[in-house]
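Sharing a structure, written as structure tokens. Questions coming.
We call the chains A, B, C, D and E, going by the order they appear; numbering starts again at 1 in every chain.
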Amino acid sequence: MAIDLHKFANPARFLRITAVIFPWAAALTLLLLGIGLYFALFVSPEDYQQGNTVRIMFVHVPAAWMSMSVYSMMAISAAVGLIWKHPVADLSAKAAAPIGACFTFLALVTGSLWGQPMWGTFWVWDARLTSMLILFFLYLGYMAIWESYDDPSKAAKAAAILVLVGAINVPVIKFSVDWWNTLHQPASVATMDGPKIHSSILTPLLIMGTAYMSLFVTVFIIRVKAEILNRRLRMMRLVQLED
Amino acid sequence: MSLNARHLSCIRQDRLIFKNISFSLNSGEVLWIKGKNGAGKSSLLRIIAGLLKPIQGEILWQGENVKDDPDIFQNQFRYIAHQDALKPALTGTENLRFWSQYFGTDNVPAALKEFELERIADVPTGIMSAGQKKRTNLARLIACPAPLWILDEPVSSLDTHYIALFRNQLVRHVKNGGMAVLATHQDLELDFIQMLDLDAERGKS
Amino acid sequence: MGSFFSLLKRDIQLAVRQGSAFTMTLSFFVIAVTLFPLGVGPELSILARISPGVLWVGALLACLLTLDRMFQADFEDGSLDQLMLGSMPLEIMVLAKISAHWLTSVFPLILITPILALSLNMPGEGIGAMILALLLGSPVLSLIGAIGAALTVGMRRGGVLLSLLVLPLYIPVLIFGVAAVEAAIAVLPVGPHLLLLSGLSLGALVLCPLAAAAGLRLAVD
Amino acid sequence: MTTLTEFLGMGGYGAFIWPSYGISAVVLILLVAFSLRRLHRIEADLIPLEQNRKTRRQNKSTKEGAAS
Amino acid sequence: MTRKRRRLYFVVAGMAVLGLAATLVLMSFEDSLVFFHSPSDLVEKSIPAGRNFRLGGLVEEGSVIKDGVEVRFSVTDLAETVPVVFRGLVPDLFREGQGVVAEGQLNEQGVFIASNVLAKHDENYMPPEVAESLKKAGKWQPKGEKQ
């Protein structure tokens, strides 16, 4: 049947390509995590103000970066899935969501563990922290939608609508520290006049950032593969029912 | 006036319901869609009404693809579904008046008369019997006139008297140049009828 | 336009005819708000301090309770199919439903807010701002709620999912709405907060019907 | 020994730094583990179905071969 | 009206409303939509005593006096200065010349009675030696002088 072929054609190519990338991504993740952690814990100096707590930055900031990038990626995938009905787009958004949710959770938790000794509080309701919490809820809502629909193609569309509605939150998170007087400090790395972090602290941060990125790629490949196979499993069970 | 369907296929929840259904219908004709439960009668009607998207195929109205210009098909048909689309808190007249206003038509008194509803028209539809509700629902066909009637089990829960009454309405509509697509288990014994048997179509593949 | 107003009229007529839903939302709001003095204790200064938040949260929850009926009733009795076959764009149809929801479920809450505010010992400066903030900000509740309602139409237990989807998106309105009242109480300028709330409402007015209509197309499909 | 305790103490902030790293490790390892487990389950479920299909195809082709 | 024409009208109207919404939001940003108020804000807006709000700024150099559990210091934005009293533990990052956000209310004498003190740090990170050498080379700008 022509329709079936269309559904399998692209995923098959996707699986072939990712099968090549996967071992490299996994190895790179382990390597970078190793180097990054070594730098973060042993090589990197204390901060002139914050002392050793600056080391929390090496797990906090990459998680926060990833939480927003993953959501942006999901929003793009969702749009592609809605407009061009590309079969892998919906699945990749679905596969990315739990990873993004984990990163967001980590950014929130490590952030509050950093906030307590430095700011004097685990949590404040300032714009940055609140919008980040909303992002976490959006991830949860997205996953809940996938769970709630029986028909996967409907679930994909409903989830895509939610992601696109929530996408408005991403620029709010990014610029919240510039738009409002927040307790959270402004951006340090991606600023107009270059990074405001000394290279001895910036290097481990960037290594850890790359490590998180490649960790995302690794887990993402595993999850997309699971989704594609799951769809195939569903199809084959239906075929079995029809006979 | 003409309604054409070309190569319609329908997939629901990854299951193929029917494929490659084609028909053409002209003024003064009725299309009777037959089929077992689950053969896709309702789905086909919903596809014609534009509520459901076929996985492939197209609907043509007056020879033009409805997808290219939905305006031409807008308000050209009336769809009667299983559910009555009546608000239990409103009376029959209020329900009908709302729909006729919504569709920009106004023929409510005539509709009440044709379906012998005048006596019960001011009762909330919530306390009507199933047959009375069905008749109020069918009265929408007269209250909001349109050349094409799309009818999903129109005579279920009607007794013989009202089946005959509905049949007369249908005959008059078709005689006056209207057309209808009809899915029903009951044979209405119409003579200008085309048959589309979804079970047979399924066997073909 | 005729279709828009006939639908609006019908929904209001339905709400009036089925008065129970009407009074139930109102009673929920009153009860939820009056629970706070019992829970927090009768100390007037504390009550005054939390009153803006309590009223906003109360209104928000009362609104949430009514959301799942926004499209559900029409979906169940087949009206939704018929509504989608009308000649006006689906987005406008959705807007008519949202307007009806706001008028019947949210607006009555605003009307009784002054009384509740007094019972919570809210300072006089705050009450005016509270009403203005609610008038300008609460349309967002119905607008965003419509997205959640549309996405959960036809679900067996859509209510829980609906809250999960909608509540996070309500947070900004809640924060700015409360900030407006607190600013008024602190005798700071309220203007910027009200501007922001109106901005949110206008933005939601454009974007939410689009998303809700997309959700409804999905529901009937 | 003192260097180790010094290192673990992190200038008095060990109580905040180590949980940060710890929870990050736990969450990410669990994420990988659950993702892998799900993939393996689905793969395992697929195997019998794939074989089933293959044998049916073979049956079909042998039948057709016999008929021609 | 054809469908295309109608859609065009809707898009134009939608864009106009969105533009208006954006304008309103941006206008409100210019003013006092903030997590905390600066000492200058206090002078401008004359917040009455007994109202809760957050006061933010820098801890004035040489103003910190610790007296048992009580800490007295001044918050400044280099234009205005407000004296603050706080009973309790201050966060580790609480230092002279550093950013601080205090929650509390003014008393009749214009002293800010803080119920909670939070430290705010800037976006610069560097090892102490670097900070030291920057200071020596005169390239160091403490945060206060920037504003």
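Operating definition for what follows: contacts are C-beta pairs under 8 Å (C-beta built on N, C-alpha and C of every residue); 3 or more make two chains touch, one makes a residue touch a chain.
This is a predicted model, so every value here is computed, not measured.
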> Among the other chains, which touch subunit C and subunit E together?
Replying inline: A, B
> Which chain is most remote from subunit C in terms of Cα centres?
Replying inline: D
>> Per the definition at the top, count C-beta pairs in contact and tell me whether B-C or A-D has more.
In response: A-D
>> Using only Cα atoms to place each chain's centre, name the chain farthest from subunit E.
In response: B
> Which integer distance in Å separates the CA centroid of subunit B from that of subunit D?
Replying inline: 52
>> Using mean CA coordinates as chain centres, what's the gap between subunit B and subunit E in Å?
In response: 66
>> So the centre of each chain is just the mean of its C-alpha atoms; given that, what is the distance between subunit C and subunit D in Å?
In response: 43
> Taking each chain's centre as the mean position of its Cα atoms, how many Å separate subunit D from subunit E?
Replying inline: 46
> Multi-chain contacts in subunit A: which residues touch at least two other chains?
Replying inline: 46, 51, 117
> Among the residues of subunit E, which are close enough to touch at least two other chains?
Replying inline: 29, 33
> What chain pairs are in touch here?
Replying inline: A-B, A-C, A-D, A-E, B-C, B-E, C-E
> Where on subunit C does subunit A make contact in their complex?
Replying inline: 147, 151-152, 155, 158, 161, 164-165, 167-169, 171-172, 175, 207-208, 211, 214-215, 218, 221
>> Using the touch definition from the top, list the residues of subunit A that touch subunit E in their complex.
In response: 45-51, 54, 57, 117-121, 124, 126-127, 179-183, 185-188, 191, 196-198, 200-202
> Contact residues on subunit E for subunit B in the complex?
Replying inline: 2-3
>> Which stretch or stretches of subunit E touch subunit C in the complex?
In response: 6, 10, 14, 17-18, 20-25, 27-33, 45, 47-48, 51-53
> If you look only at subunit C, which of its residues touch subunit E in the complex?
Replying inline: 49, 89, 91, 176, 179, 183, 185-189, 191-193, 195-196, 198-203, 205-207
